[in-house]
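Everything on this sheet refers to the single structure shown next.
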Amino acid sequence: MATDFSILRRVQFSETDMAGIMHFANYFRMMEEVEHAFFRSVGLSVMMQHEGMHVGWPRVSATCEYFGPVRFEDELELKLRVIRVGEKSLNFEVDFLLAGKRVALGKITSVCCTLEGTGMRSIPIPPALREKLAGPQ
Amino acid sequence: MATDFSILRRVQFSETDMAGIMHFANYFRMMEEVEHAFFRSVGLSVMMQHEGMHVGWPRVSATCEYFGPVRFEDELELKLRVIRVGEKSLNFEVDFLLAGKRVALGKITSVCCTLEGTGMRSIPIPPALREKLAGPQ
Amino acid sequence: MATDFSILRRVQFSETDMAGIMHFANYFRMMEEVEHAFFRSVGLSVMMQHEGMHVGWPRVSATCEYFGPVRFEDELELKLRVIRVGEKSLNFEVDFLLAGKRVALGKITSVCCTLEGTGMRSIPIPPALREKLAGPQ
Amino acid sequence: MATDFSILRRVQFSETDMAGIMHFANYFRMMEEVEHAFFRSVGLSVMMQHEGMHVGWPRVSATCEYFGPVRFEDELELKLRVIRVGEKSLNFEVDFLLAGKRVALGKITSVCCTLEGTGMRSIPIPPALREKLAGPQ
């Protein structure tokens, strides 16, 4: 799988904490930002109607390893790699690059679900979505 | 290691997202809340002066597995277990319990550092802190 | 109107910023926390079914004046006063008290709405809700 | 005063709440984002060394009026207007425009301070900063 997708994202003041660095929970928001930008780049949305279903992608797991601090006004490159498009799940990694150097590595596994009222139920990833997420083979 | 520490924490409106459930990044803030409450419970703070040093605990890694959604006004029990107090690092897990049932499991590894201006440097965990974090043997 | 309702709320690490104080946007989350605790205290929720309608309270305006910084682990008293229950709108203020001294003052005006799918429409506050919000006369 | 400065900013998933719209507290983070982008555009930072002082801009007041909801993936234009550069304080407004229509209006008053350790003290805005903030006369 060769998908590789990047955005630039500046660290905002409200994302720092009193230690003077970006708070560790905000990396997860950034992973999601590049994920959603990737979805848009292939013509999808993480919250969309598809063949009469309301499709969403709740998380099964999320991980981040931190290799060094990032600070206010740092401009990060967030580089997404789709690792695996499973039957029902999506696996991707995000490199956090500062001046070309990896400062963090994130991993998320999501599962394709239909959202109905307050409930959600996992479903096989619809072929039309799978094709776009998996990219050119 | 037998440390086991719990707080109750209600899911706030601002922690939900348009899918109607708590946003996955907010679990990491909650892990930190119970961690810091644990530090306070043993007479410590995660940002403290100790023998002339400014000691903090930046993260090396953070993980969360999600077993089911939580919603606005749910009251969670956040149950912290210290897994390991290493030479320089601290390892703990947090169970997210809803009505006694585990809905998520978080893991954090932090490293003991001195913070000097904008820099940070890892140090062996001072004995006085180690003793309190490790709890009764 | 005599309603007066308080909660205690500790400033969390993730709510601080690199200036070492609570970030100014987080006061608005805290105003909402005491508001929702107040709703619960009178048997309501800000997101509830009422006579077949899904009732919510989107904001018309929100203001905060800041009189001094608050810091990590400060324990604030958040004191809510209902100022006015209008035909369709709710007006309340929140005092932020640190060791009994006012460090900030927040004001929010919300409007009672029915939420239908992605739309919302203002409605007169239902009498059963009005009575509980207005408190004993 | 003629300063007028804009950025485009997409509403992120984590900024929505269970009502399906952007949470009202997040407008304050966005006001700050355009403010800081404006500072950068004139060669300043909101956290900077200036003539041996550490200069910051804590808030005195912040207000937002909401005219209509904004939703996930909406692209907002955030348009900043400096209203007044006082002796010690800075006053600006931010229009939130969606497809050219104003959906919210924010106002912030900040005060120029030196930050020393955990303390802060208001100071007259240094002439070099004033000139840049006030723009061409």
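Letters are used for the chains, namely A, B, C and D, taken in the order the chains are written, and counting of residues starts over at 1 for each.
Rule of thumb we're sticking to: contacts are C-beta pairs under 8 Å (C-beta built on N, C-alpha and C of every residue); 3 or more make two chains touch, one makes a residue touch a chain.
Please read all numbers here as calculations on a predicted model, not as lab measurements.
S.K.: In this assembly, which chains make contact with subunit C and also with subunit D?
M.R.: A, B
S.K.: So which chains are sitting against subunit A and subunit D at once?
M.R.: Looking at subunit D and subunit A together, the chains touching each of them are B, C.
S.K.: Go ahead and note the Å separation of the Cα centroids belonging to subunit A and subunit B.
M.R.: 24
S.K.: From the C-alpha centre of subunit A to that of subunit C, how far is it in Å?
M.R.: Distance between chain centres, rounded to whole Å: 32 Å.
S.K.: Could you please state the distance in Å, as a whole number, between where the Cα atoms of subunit B are centred and where those of subunit C are centred?
M.R.: The mean C-alpha positions of subunit B and subunit C differ by 28 Å.
S.K.: Mind pulling the subunit B residues that touch 2 or more other chains?
M.R.: Expected reply: 13-14, 18-21, 25, 29, 32, 47, 71-72.
S.K.: Within the complex, which stretch of subunit D touches subunit C?
M.R.: Spelled out, the residues of subunit D in touch with subunit C are 18-21, 24-26, 28-29, 32, 47, 56, 58-66, 69, 71, 115, 118, 120.
S.K.: Show me the residue ranges of subunit C that touch subunit A in the complex, using the header's touch definition.
M.R.: Going by the criterion above, the answer is residues 13-14, 16-21, 23, 25, 71-72.
S.K.: Give every residue of subunit B touching subunit C within the complex, in rising order.
M.R.: Listed in rising order, the residues are 12-14, 29, 32-33, 36, 40, 45-47, 72-73.
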